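Dropping a structure here in structure tokens format, bear with me for questions.
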Amino acid sequence: MNVISEEAKIGKNVKFGNFVTVGAGVSIGDGSIIESYSYIGYSNGRERSELTIGKRAHVRSHTIIYQGSTIGDDLVTGHHAIIRENSQIGDAFQAGTGTVVMGELTIGSYVKTGSNVEIGQGSIVGSFVWIFLNSTLINDRRPPSSEIAGPIVEDYAVIGAHAVVYPGVRVGADSLVGSGCFLSQDLPPEQIAVGNPSKNIGPTSKIKYEEDGQKKNVYPWRFRFHKGYPKELVDTWLEEADKVKILDI
Amino acid sequence: MNVISEEAKIGKNVKFGNFVTVGAGVSIGDGSIIESYSYIGYSNGRERSELTIGKRAHVRSHTIIYQGSTIGDDLVTGHHAIIRENSQIGDAFQAGTGTVVMGELTIGSYVKTGSNVEIGQGSIVGSFVWIFLNSTLINDRRPPSSEIAGPIVEDYAVIGAHAVVYPGVRVGADSLVGSGCFLSQDLPPEQIAVGNPSKNIGPTSKIKYEEDGQKKNVYPWRFRFHKGYPKELVDTWLEEADKVKILDI
Amino acid sequence: MNVISEEAKIGKNVKFGNFVTVGAGVSIGDGSIIESYSYIGYSNGRERSELTIGKRAHVRSHTIIYQGSTIGDDLVTGHHAIIRENSQIGDAFQAGTGTVVMGELTIGSYVKTGSNVEIGQGSIVGSFVWIFLNSTLINDRRPPSSEIAGPIVEDYAVIGAHAVVYPGVRVGADSLVGSGCFLSQDLPPEQIAVGNPSKNIGPTSKIKYEEDGQKKNVYPWRFRFHKGYPKELVDTWLEEADKVKILDI
């Protein structure tokens, strides 16, 4: 009971749910799962190419992915997620439930979003970025207009829940945008911003937690949190952490 | 593979996707597109009439439209949008992805919303209004209650992202509600409100941009932004702009 | 045109829409309605049991309910709602449109949410709780991490629109979290919190309304608002209200 175009290129061992639609010009990598009520290869007439999805994608039910995008391996989408046209997305992207990737943008590898995140057109998101639920990257400096200035989010940045990153604003590497923050100016690497309007309140090294009776830095998070990342990657993070500790002495 | 009631009145050249449901008592205008997984003419038993959708509607996939509403020509819905019962909606309404029009309300013509906007019951929204993503019009002064006081939004008003307009509050014509603003009191025409709790910070004429080395007013936006509006309408806006400039001298 | 597992236990007089999926290991109580495009008994491999839904459930279109949860009688879901695995949910739960119940949590009876609410894993929500639209209960103290600290929301609490309750924070019985509040510390019973960061601004008894020329308390709301609750329950609330008035003298 699926409607799958004969022109779609379906890899080996790809599984489909029920009531799935796959358009022409779609390529789905080996070992992928496309769940029920999903529409893969949707066209709004603005796509500049076909849609390529890498290996082992797990597309949850009621997801919509447009033509014109290139998505790496190990994609995961939550239910009701939308990925629009002409997006360049790396490996292991995880789009939360109801997340809207507006298209015409670039996302690196290992980026994860919570539910109902929106990433506006023109955004440039690095790798290993976390964007928590209900946060949005907006791009219109003088609404309404057609001049698009997407935010830039550098590697390892963390954007808390219910935050807004303003048009053209740069979120530095390893920085932290607090929940509820409306980030209206650039945030340097390893700094914290909070509030509406946003205020830079200093380095992420201020944020500590206790483990085994010792105070430790919460950030950079990659030195302490590894769940879901491949071992080779975690090993490089641990090496990096060791070097930093030596420098600290 | 669609379930379309034989009692529905379908115009000429209407196209359907796959797995579409259309109930009885639905009238869809000529040249419309109803995409896959949409449910048109949903009934919750509270509708006071049938559902009429004008010409050239473009209903994106996974949309739900209830019985009891009258919607003008050139409707566009984003995926997962919902328009509930007993809504009076003008021409060229564009409901963003996941937007929820709660029903029992009035919306003028050429109103556009971003993603995940909610317009509460009892709201009165004028024409040419923009409501950006994640913003909501709420209506319950003493939650929980059944006393509904919908906000009123006048023509050409712009409501930024992640804003909330409080029950019974009036948003004046040509005004600007900043992103993240919780508007708890009436905003006069051509004024700006920001913050939570909201503060009126003066006339929209304060907001300028540079073009060709000249400072120009961003608002009223209709004097500078015309994309997607019909030429005849834009011509009247340009005439109006000319008159205002003459008065300025 | 439905895909219903033969191993599912379907009660008497259960009605199905079109394009419905029901997995194995699902039990649906008598008199329930499962609308179109819904997926009941979705599995992500993490469920610890089967899915049991009580009597008279009304599951609106495009809803997804995972295996592993136990849900009482009189469930109502809005369109696009999601209830994930291993949730213990009482009677008469009403999940608004697009609400995401993240699973691994406990919800009492007669809990109602607005649209696009998210209740994080590990949350403990009492009975008769209201959570208005776009509000979320989050659970990660040091994002990203895997240490989950769900908020606790006690009976009769009201959480306004666009609010965030922080990890591990307790919302006291009969309290009020204002709209837009980011609640970062425990709120005692019958108190009001507002703002970001949140501030306790005193007892709910400060909030009055006029009826028949008399000033009355808005809260506890159960003394004045009864729509949708069973008569026996309302009677106990009225008795309680009478006693409180006597004590007041």
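Here the chain labels run A, B and C in written order, and each chain numbers its own residues starting at 1.
Simple rule for what comes next: contacts are C-beta pairs under 8 Å (C-beta built on N, C-alpha and C of every residue); 3 or more make two chains touch, one makes a residue touch a chain.
Quantities reported herein were computed from a predicted structural model and do not represent experimental measurements.
*Asks:* Do chain A and chain B face each other with the same patch, meaning over half of the contact numbers show up on both, or with different patches?
*Replies:* different
*Asks:* Please state the rotation angle, between 0 and 180 degrees and to the nearest 5, that superposes the Cα atoms of chain A on chain C.
*Replies:* 120
*Asks:* Taking the mean of the C-alpha atoms as each chain's centre, how many Å separate chain A from chain B?
*Replies:* Between these chains, centre-to-centre, one finds 29 Å.
*Asks:* Hey, what residues on chain B touch two or more of the other chains?
*Replies:* 1, 19, 37, 62, 80, 98, 116, 134, 162, 196
*Asks:* Within their complex, state which residues of chain C touch chain B.
*Replies:* Going through chain C, the ones touching chain B are 1, 17-19, 36-37, 61-62, 79-80, 97-98, 112, 115-116, 130, 132-134, 158, 160-162, 179-180, 195-196, 207, 209, 218, 221, 224-225, 227.
*Asks:* Could you please specify the touching residues of chain B with respect to chain C in the complex?
*Replies:* 1, 3, 19, 21, 37, 39, 42, 62, 64, 80, 82, 98, 100, 116, 118, 134, 136, 138, 140, 142-146, 162, 164, 182, 196
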